[in-house]
Amino acid sequence: MTIQARDRVGMAARVAADIPEGWWVNLGIGIPVLVADHVPLDREVVFHSENGVLGMGPAPAPDKVNPWLINAGKTHVTLRQGGSYVHHADSFSIIRGGHLDLCVLGAFEVAQNGDIANWSRSDNDFAPAVGGAMDLAVGAKRLWAVMEHTTKTGESRLVKTCTYPLTALGAVSRVYTNLAVLDVTERGFVVVDIVPGLDFAGLQERTAATLHLPA
Amino acid sequence: MIDKRVANVAAAMDGITDGATVLVGGFGAVGQPNQLIDGLIEQGARDLTIVANNSGVAEFGLAKLMKLRRVRKIICSFPRSAGSFVFEELYRAGEIELELVPQGTLAERMRAAGAGIPAFYTPTAFGTKLAEGKPTAEIGGRNCVLEYALPGDVALVEAWEGDRWGNLTYKDSGRNFNPVMAAAAKLTIVQVQRIVELGALPPEAVVTPGVYVDRLVAVPHEGPQG
Amino acid sequence: MTIQARDRVGMAARVAADIPEGWWVNLGIGIPVLVADHVPLDREVVFHSENGVLGMGPAPAPDKVNPWLINAGKTHVTLRQGGSYVHHADSFSIIRGGHLDLCVLGAFEVAQNGDIANWSRSDNDFAPAVGGAMDLAVGAKRLWAVMEHTTKTGESRLVKTCTYPLTALGAVSRVYTNLAVLDVTERGFVVVDIVPGLDFAGLQERTAATLHLPA
Amino acid sequence: MIDKRVANVAAAMDGITDGATVLVGGFGAVGQPNQLIDGLIEQGARDLTIVANNSGVAEFGLAKLMKLRRVRKIICSFPRSAGSFVFEELYRAGEIELELVPQGTLAERMRAAGAGIPAFYTPTAFGTKLAEGKPTAEIGGRNCVLEYALPGDVALVEAWEGDRWGNLTYKDSGRNFNPVMAAAAKLTIVQVQRIVELGALPPEAVVTPGVYVDRLVAVPHEGPQG
C-alpha cells in the first residue's frame, strides 16, 4: 500500500475536522487559510483576521467583490452576518489578550517542546517579514501548526530543537502534517493519527524528533 | 449555532464563586448593570472583590451587596459619591478593604488585562500617595509608575442591544467602563435592553464584538437608576 | 474702595474669557464645570467629559433630559452637533495622551512650583476619592486651577509647598482665584491681574507664597 | 468655527520637515492613503522614517518615496510583500534601515503613544531575535519584553467620511491601522472620500473623534489601489 499523504487541501480539511462549533479562530496565510473552506457554514466558527475583521465568510463571487474587505493574506473575502470590524490595536488585543480559541499557522519547524519557527529562514535573511505571527503564536488559547512533514530534500520539520529563528517558545500544542497529526506534550510528540499506508515506525523514520504513542 | 443567550438573570449568574473578582460597569447610574447586580445578590457568592468606578449609593445594588458583608474589597476611583454611606460606614469600621486607583489607571489596567499587556508605565500618580511602594522609572524624561493589568473573574456589563453571538452596542454615555470590562474578564455576563437578530447590528456599529461575551440576558428597563 | 472679589460664577467667567476657539477642554467638578456656561456657543470649544463624552453642550430643558447622558459630575447634559462617545479607556487615552488643550480643576492648594493638591484633605482621610484628577493633571497640555484664594479661616491656598496629599507634581500653569489670576513660572507665581479694590501688596498679604510682577 | 478642512493635498502637507517620522495607514492596499503619499512625494521632505505595516509595492506610493531615496528607515512588520522589490533592493544594498516589529507590538506601540503610555510589557517576541537586547521581566509567570511607545511627527490617514471637527468613520477593513495612527502623531493629516456636515455622523458611529485630527482633505477615489 502506498502512503496516502495528504495534499494541502487534505491537510486543511483534516484541521477543519477538529474545530468545534463556537470557536473563534485565526488562520495564518498559506495552508491555514484553506481551513475555512472545510468548515461547513452551519457549524458556526467565527474567523478572525488580524486586519480587524471578525466573522469572515467565504470568498466572494467574482462580480460581488468588495474592494475594502480583505483578509490577512490580502485576498478579498466576505463578512458573515454577525461579523464586525475593529481597528488594528483592538484586533491584536483580541489576539494577544487570549480571546481566540485557536490559531492555525504554517511553520518551517516545530520542536518537541512546542517551539515554532515560521518567519525567517536564516539569521542573515535579507528582508525578513514577521507580520502577526509572533503575536498569534503567543496570544491564542491554542496554537496548531500545519506543514509538510519534511522539506523537499527530505529533512524532518519536526525537530528536537529548532534551527531556524524562533517565532515563539513552547507555543504549539498540535501539529498537522501531510503524514500525521501529533500532539505536543510534556513527553514530546505524541502521535494522534497517521495516514493510511504508513505505520509508526515509518513515521519515526521520517521524523528527527522522537515520537511517542498515546499513553 | 453560537448562542450566548440565557433565559434569565439567575441562569446568567451560574458558577460565580466565593472569592471572585467581579468587574461592574457603569459610571454613576448610567451603564450600571443593576439587574445583574441584583442577580449577584440573589446568587449568594461571598468574599468578593468588586472593581467599579463608584461604591454604590443608598442601600441597593452594590451598596446592598456591601451591607450584606459579601464584599471583602473594592477597587475603585471614587468611593465617596453622594449617598454612598454604606461603603463609608464599613470602611470606617475597618470591615471593607479599599484599593483607590486613579480613574484612568483603573480603565487602563483593565484594558491591559483584556489586551494581554501584563504591565505598563504611566506618569499618572507619580510622586503621590497612590504610587507609594510601586516601581518607578524615568522614560523619555517623564517619571512613571509601573502598573499591573487588572483582570476579572467575572464582568457584569450593561449594554443596549446584543445578538446571539454576543455583539453589543451601548447607549450614549452608558458606554463608559462596559466595553473595557467586557474584554477584561474570564466570564463576561451582559444585560441588554433587547436582543436582536444576528446581522441586525451594522458591522461598523458593534462596539464589543461577541468574542468577549459569554452570556447575554435581555432585561428591558426604564433607564439609569441610582 | 472695597475688594471686588469674584464669586464662583465670576471665577468661572474669568476662566472662560481665556479659552480660545478650537480648544478641546475638560472641566473638573465644582467651579470648573460652570466655565462652560460662559463660553458662547459660537466660540466653538469642545468640552470633554471623562465618562466618554466629547462635545458636551448646555444643560437640557427639564422636559428634554436624556437619562443616558451625564457628565463627570453625574449631571445631565446635552451633546452638540459634532459630539461623540468613546469608552473609558479611550476617554482616558485622550486625557493621558496629551490631546486635551486644557484641563481646569478645582484645588485645595497650589504650590509655587506648580504642585497641586485637590483630592484628599489628610493622610488619614477615611475614604478618599480621586476620580480622574491625577490623570487629568498629568495628561492635559495645560492645567489651570480654580479656587478661593484663602480658606474660610483666611489661610492662603497659594503656598510654598503643599501640605495636603499631592495630586500631581509641577502640573499647574495658571491659577484663577476670587482675588487674582496668577501664572506659575520658573520664578514662582507671577500676577496676571488682580480684582479691583486690591493691589499687589494687598494680594501678597493674603498669599503664603512670594508673588512676582510680570518681567 | 473649528474647521480642519484644507483646500487640497498640497496644503495638507504644509510644514512636514526633513527627518520626520511619518505614520502611514493601511494594511496592504486597503486603507492606504495613496493620495497623501503622493502629496508627500511632491512636498519634498527627505530623510524620513516611515512607519507602516508594509513597505510599498511596484514603484508607486511608498515604493516611489523609497526609490527617490527619501526614506532613511522603515519600521514595519511585513516588508516582504509580493511586488515590494524597491525596498528589497535598497535593503540589500544597505541603503535603507529596517526595524522589524511584530504586527501587534507595532499597533500597540502606536496605541501607547496616543494613550500616554511611555512603555509596556508584552509576551510577544520573548526569546526571539526580535527581542534581542531589550529589557525583559517575568510578570505573573509569563516572560515579557519591554516595548516603548512609537509616536509619529506626522500621520497620513485614510478614512471614509469626515466632518469639519475632524470626526471620522472608516469603511470595512479600511479601518486597520488608521485610527491608531491618527491618535499617535503630533500632526494628523486625513484624506476622506467625502466631507459631511457637522452632525451628519451619528455620535455612536464616530471611530476617530476630531480631537486627534489636524487637517482633513476630501479626495474621492475609486477604491484601494496597489
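Letters A, B, C and D mark the chains in the order given here, with residues in each chain numbered from 1 onward.
Criterion: a residue touches a chain if its C-beta (ideal position, glycine included) is under 8 Å from a C-beta of that chain, and two chains touch if they have at least 3 such contacts.
All of these numbers come straight from a predicted model, not from anything done at the bench.
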{"item": "Any chain that touches chain C and chain B", "value": "D"}
{"item": "Between chain B and chain D, the fewest steps along chains that touch one another", "value": "1"}
{"item": "Comparison of A-D and A-B (more C-beta pairs in contact)", "value": "A-D"}
{"item": "Chain C-chain D separation of Cα centroids, rounded to whole Å", "value": "35"}
{"item": "Whole-Å gap separating chain A and chain D, where each centre is the average of the chain's CA atoms", "value": "29"}
{"item": "Separation of chain A from chain C, taking each centre as the mean of its C-alpha atoms, in whole Å", "value": "55"}
{"item": "Shared-contact residues (touching 2 or more other chains) in chain B", "value": "108, 111, 115-117, 122-123, 170, 172, 203-204, 207"}
{"item": "Residues of chain A touching at least two other chains", "value": "79, 85-86, 89, 92, 95-96, 139"}
{"item": "In contact (per the touch rule at the top): chain pairs", "value": "A-B, A-D, B-C, B-D, C-D"}
{"item": "Touching residues (chain side chain A, partner chain D) in the complex", "value": "49-53, 66-70, 74, 79, 85-89, 91-92, 95-96, 120, 123, 126-135, 138-139, 165-169"}
{"item": "Residues of chain C defined as touching chain D within the complex", "value": "21-22, 24, 44, 46, 48, 54-55, 79, 81-86, 89, 92-100, 139"}
{"item": "For the chain D and chain C complex, residues of the former touching the latter", "value": "1-2, 111, 113-117, 163-165, 167, 183, 198-199, 201, 203-204, 206, 209-212"}
{"item": "Interface residues, chain B side, partner chain C - complex", "value": "27-30, 77-81, 87-88, 91-92, 98, 100-105, 107-108, 110-111, 122-130, 143, 170-180, 207, 223-224"}
{"item": "Partner chain B, residues of chain D touching it in the complex", "value": "108, 112, 115-123, 137, 139-140, 142, 144, 148-149, 169-170, 172, 203-205, 207"}
